Amino acid sequence: MPTILGQNQYGKAENRVVRVTRDGDTHHIKDLNVSVALSGEMEDVHYSGSNAHVLPTDTTKNTVFAFAKEHGIESAEQFGIHLARHFVTSQEPIKQARIRIEEYAWDRIATSDANSRFIGSDEVNHSFVRRNQEIRTAQITFDGEKWQVISGLKDLTVLNSTNSEFWGYVKDKYTTLKEAYDRILATDVSARWRYNWTSDEQRMPNWEKSYEQARKHMLHAFAETYSLSLQQTLYQMGSRIINSRSEIDEIRFSLPNNHHFLVDLEPFGLKNDNEVYFAADRPYGLIEGTVLRDGVEPQIPVDMTNL
Amino acid sequence: MPTILGQNQYGKAENRVVRVTRDGDTHHIKDLNVSVALSGEMEDVHYSGSNAHVLPTDTTKNTVFAFAKEHGIESAEQFGIHLARHFVTSQEPIKQARIRIEEYAWDRIATSDANSRFIGSDEVNHSFVRRNQEIRTAQITFDGEKWQVISGLKDLTVLNSTNSEFWGYVKDKYTTLKEAYDRILATDVSARWRYNWTSDEQRMPNWEKSYEQARKHMLHAFAETYSLSLQQTLYQMGSRIINSRSEIDEIRFSLPNNHHFLVDLEPFGLKNDNEVYFAADRPYGLIEGTVLRDGVEPQIPVDMTNL
Amino acid sequence: MPTILGQNQYGKAENRVVRVTRDGDTHHIKDLNVSVALSGEMEDVHYSGSNAHVLPTDTTKNTVFAFAKEHGIESAEQFGIHLARHFVTSQEPIKQARIRIEEYAWDRIATSDANSRFIGSDEVNHSFVRRNQEIRTAQITFDGEKWQVISGLKDLTVLNSTNSEFWGYVKDKYTTLKEAYDRILATDVSARWRYNWTSDEQRMPNWEKSYEQARKHMLHAFAETYSLSLQQTLYQMGSRIINSRSEIDEIRFSLPNNHHFLVDLEPFGLKNDNEVYFAADRPYGLIEGTVLRDGVEPQIPVDMTNL
Amino acid sequence: MPTILGQNQYGKAENRVVRVTRDGDTHHIKDLNVSVALSGEMEDVHYSGSNAHVLPTDTTKNTVFAFAKEHGIESAEQFGIHLARHFVTSQEPIKQARIRIEEYAWDRIATSDANSRFIGSDEVNHSFVRRNQEIRTAQITFDGEKWQVISGLKDLTVLNSTNSEFWGYVKDKYTTLKEAYDRILATDVSARWRYNWTSDEQRMPNWEKSYEQARKHMLHAFAETYSLSLQQTLYQMGSRIINSRSEIDEIRFSLPNNHHFLVDLEPFGLKNDNEVYFAADRPYGLIEGTVLRDGVEPQIPVDMTNL
C-alpha cells in the first residue's frame, strides 16, 4: 500500500454543558464548551472501517455531561483533567486525550440598589448576565504519564488612546507609510500560556486564581507600556506574566493591530488633532510571538492562538 | 411603463467612527457604527440613472466623520439628530433621513490596585477594554418636521437558574413536551424603545441616563419575575420600563428562548437534580412582543428587533 | 393598568429539517430551515402567565417534522402553506401564522467522467455537494382567509468588471469623491418578491419554476444593464422580473455597494489601468428600493431584505 | 533577563486583492485574500521597540497590490511564491516568509439562452457570480532555500443520503448510542495537501490543474466509498489523492460529522423510513487525520485544517 496513516484523532466537539450548583438560595453556574479529541491504535478504523477500537463520539459526549455531575466543574482545567484521565486510563486503545474547553463567564444581576423597591437582593441570587468580555480557553492533554495544560483567552479587545508611536522602520520602494508619534494602539488579545505542572506528583496550580492574575497582568502591561511597536507591547505582556507567575513557563500571543486611522478633515476646513478616527476591519497588522522563561523548551504551536 | 418605484433609500452604511476626547490626561472614547439612509425625490436616478439629486454615499460618510469633530459625540442619539437634521435641511431633494447607530461600550483598565507597583493609576487613564456585554442601538428619523427616536440594545444574554415554570399549555396530537415546574430561563435580549420626544419644541431626554435606566429596569424585571412563561417575563420587562420612564412610550422585544435541556443521566446511574444542562443552539423558541403606554399608537416595526 | 400589549407572536425558530425522497436508487433532498410565528388571543399569557391558549413552541417544532413526512416538501412555499393552514385552522386562539423558510440547494456529485474508473455513475445518485451560491427564502402568512407569499433570496454575490459609471451627482462641502467613468459594480443581492396569489380560489403558481425564472431575470438584468448608478441597476432588475412574471407584483432589494477601490500604484512607478482593486468591507453604500406593478399596493416591509 | 523571545512573526493579514485581466472584451478575475507573515532577526523590536529591522506591515500590503500588477495572478500559489521570494531576498533581516491565501471563485453569468432577448451573449463577458461552494486555500513558505507549498480547501459541504453505517464500536458505561445500518453521512470538508515541490530546480506543478484534480478525486472518493466510519471515508479521500497525483505527498483533513438525526415520528403515528432528519449544529463528531505517501515525513501541523 503506497499510502499510510499519519497523526489522527477523533471525538465529539463543542459539547455545551452548563452546571448549576446550589449553595442554599445562592446559585453558581459554570458554562463550558467542551471538545474531546482521542488518539491511539486507530489504524483499523481508517483502513477497513472496523470500529472495534472506537469509543463512539456520542459516548464521549455522554461522558462530558456525566462527569459534570460526578465531579462537578471546579474549573475548566480541573474538569478537563478528569476527562482526559478517564479516556486514557479506561480504554486500552486510547493512548492520548486532548480536551479543549471554552468558558463563558457570567456576572450576577445586581438588584440591591435603592431603585429596586420590588424585592430584597437576596432573592435574585439565581439571576445572571453573561459577561462576554473575553472567552477563556483551556487545553488539557494527557498521554497516560505526562500532563500538558495550556490555558488562555481570546477576543479581549483593548485600546490605548495615546502613548504609542511607530517610526524608525525600514523603507523600501513599496513603503508609503508616514511615521507616527502619537497613535491609537488597539488589539483583540488572543493568548495561550502553558503551565509547568506536568505530573500528578506536583502540586496543582490554583487554576482560577492563576487565570485571574494572568489576565490582570496582561491588561496592566498593555496599559502601562509606552509602546514603540506592538511587538514591544507583546513582549511586555508576556514577560510580565512569566515574571509574576511561577507556574507559567511560556505564553504565546496573536495580536491583530486594529488600525484606527486618523481621518483627514482638512478638505472640510477642520483640524483633526487626534480626535476622530476611522476603525478599519481589513487588512490588519498581525503580530504573533512567544515569550518563554529562559531555559524552557517552547511547546505551544504557532497557530494555537488563531483557533 | 407598467412598473413603478416604491419606497427607496440610500446612503453609506457602517461607518466606524471612534472619537477621542481629552480632558487633560483623562481620555474619553465614543465608538460608533453609523449607517445613513436618505430618501426623497429619487425617481430619476432609478429610472434613468441621472444622479442630479444624489448626494454621494461617500459624502454621507465624510459628513459622519466631520460631524464627529464639529459636534463631538455627546450620545449616539444626539449625534444622529445632528446628522439627520443636516441632510434634510441642506439638500432640497432629500425629504427624510434615517440614522442607525450601534455603540460599543468601553471600560477603563483599572491599574490602581495594590499589585500594580509599576505606575500610578493616573497615568493609565487612556487605556480601555471593550465591555461587549451588549450592543447599544439608536435610530433617529427626521422628515423636516417630526423626530422619531428609537433606542435599544441587543445581544444582552441573561439567565435565571430557577423561578421559571411552563405548564398548563394546549396539547394537540403533535404535543410531546412534558410540563416543567423548575427550569432554566435564558435569553439574548433584543429590545427597542421609542421616545415620545418628537419635536424641537419639546425638552430633549437625557439619552445617556435614559439608556442606563431602561437597561437596569429590564435586568431587574427579568431577575425579579417569577416566570410562568417567557411572554410573562417579556411583558414585565416592558411594563417596568414604561412605568418607570415617562419619556418612553413603547418598547418591543425579541426574546429567543435559549433552551437549556436537563440531561438524562439515569442511563449512567446518576440523578440530575437540576444540575447538568445541555445548552442548545437551534431550534429555539422565539417570543416577540410590543408593550405600549395605554393610548399611544404603536410605531416600532415588527422585525426591528431582529436587525 | 397604564401599559397594554401590542403586536406579539411566538413559535419555534430555525427548525433544520432535511427530507430525503427515494426514487428507486435516485435520492432527492430538500434542506430547509423553518421558523414558525403564531399570533392570536395571547393576552393572558403575557398578563398573567396563563398558557391556556399557548400551543408550545415544542409542538410547532414537532409539527414541522411530522409534516415533512405527511405532506413531503414539494417546495418551500408549498410546505409553508401546509403549516400555516394547519396552525390557524386547528387552534381556535391562533388567528395568524407566519412561516419563514430558508432553503439550501444541493447539487449532485458527478462521477461519470472518464477518470472515474471505480464505479458506475448510477451508483452515486445519493451523493450531494451543497451549492451555497445563495440562500433561498420564503415567507408564508395566513390569517384564515387570505394568503401572502413573499419569496426571495440573499447572499447572491455578483460583479460587473466594467459598464458602470458614477458621475453628475450633487456636490456639497463634504464631497471629495472623484467621478468615475469605468468602475467595478459589485453587490450581494438580497431580494424579496411578493406573489399575487392570495386565495385558495386562485390557481397556485409553480413555486419552483417561478424562483428559477426570477433568479435568472435578476442575474440577466444585472449583467446586461449599462449602469449609471446602482439605483438604476436595481430598478432594471426589479422591472425585468415584474414584466416577465405575471405572478409577481412587487419586489424589494437591498443592494450593498461592495466597493472595489482602484489601488494607487503610482508611488511604485506603476500604472493601474483598471486592473488591481482593493475589495473593501466597511463602510459600504446601501441601496434599497421597491419596484411595483403599477396600481398595486406595496406590502413588503422596508427592512425585510435586511433579515 | 529571565524571559526570552520565542517564535515570532508579523505582517499584514487579509489583504483583499481583486485582479481584472482583459482579453479583449472578455474579462477574467482573480479574487484573493492574502496574509503575509515575516520572521527573522526581530529581537530588538520586541525587547526595546527599535524598528530598525522592521519592514512595516503597511509596506507588505502595498507589495501585495503592486505585485498583482507587476506579476499578475496566475494562481494563488504562483502569486504567493513571488511574494515570499521578494520579502526574503530583498530584506536582510527577514529570514522566512509565509504567505497565506484564500481564493474565492467566480462563474460567468450566462445570458445566452433563448429567453435573453436583450443583448448578445458576447456583451456580458464581464459579468460574474461568486461560486461560494468552497474556499480555496494556499500557504507558501520560503526560507531563502527551500519552498513548502500547502494548498487546500475548506467549507465544502457534502452529503451521502445512504451507503453509510456505524456499528461494532466499543461500549462502556456511558454508551447509549444505537448501532446504525443506514445513515446520512455529511461533512464540511477542510483539507490541506502538501506538494513535493521544494526547490526552484524542480519543475513546478500546474497549480490550477492540480487543485481541480485534487478536489475532484476528493469528491469522487466521498461519493463512491461505502462507509463504515467517517475515518474510513477520510482515508479513502486522502489515499485517492496521493495515488492519483504524484506531485502531492501528504494531505490532512478535518471532517466534522454533521449529524442528521432521524426524527422519531412514532408519537404522531407516523413511520420514518429514513425520510425525515433533524440537521444538528452542535455538538458534532470531529474526525481529523493525515494521509501520507509511504516513506515521507509529515509536515502539515495538526491544527492547520482548523484555520
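Letters are used for the chains, namely A, B, C and D, taken in the order the chains are written, and counting of residues starts over at 1 for each.
The rule is simple: a residue touches a chain if its C-beta (ideal position, glycine included) is under 8 Å from a C-beta of that chain, and two chains touch if they have at least 3 such contacts.
Given the structure is predicted, the values throughout are model-derived calculations rather than measurements.
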| item | value |
| --- | --- |
| Comparison of C-D and A-C by number of C-beta pairs in contact, larger one | C-D |
| Angular offset of chain A relative to chain B [C-alpha, multiple of 5 degrees] | 180 |
| Type of chain B:chain C copy interface by residue overlap (half), same or different | same |
| Computed distance of Cα centres, chain D from chain C, in Å | 28 |
| Chain centre separation (chain B, chain C; CA means) in Å | 25 |
| Distance between chain centroids, defined by C-alpha means - chain A, chain C (Å) | 37 |
| Where chain D touches two or more other chains at once, by residue number | 15-16, 62, 66, 174, 176, 267-268, 281-282 |
| Residues of chain C that touch chain D when the two form their complex | 15-21, 27, 29, 31, 62, 65-66, 68-70, 106, 109, 111, 115-116, 118-119, 123-124, 126-133, 155-163, 184, 216, 219-220, 222-224, 260, 263, 265, 267-268, 270, 272, 274-281 |
| Sites on chain D touched by chain B in the complex | 173-174, 176, 267-268, 281-282 |
| Of chain A, residues touching chain D in the complex | 1-16, 35, 37, 42, 45-59, 61-63, 66, 90-91, 93, 166-172, 174-177, 227-229, 231-232, 234-235, 238-239, 242-243, 250, 252, 256-257, 282-294, 298, 301-304, 306-307 |
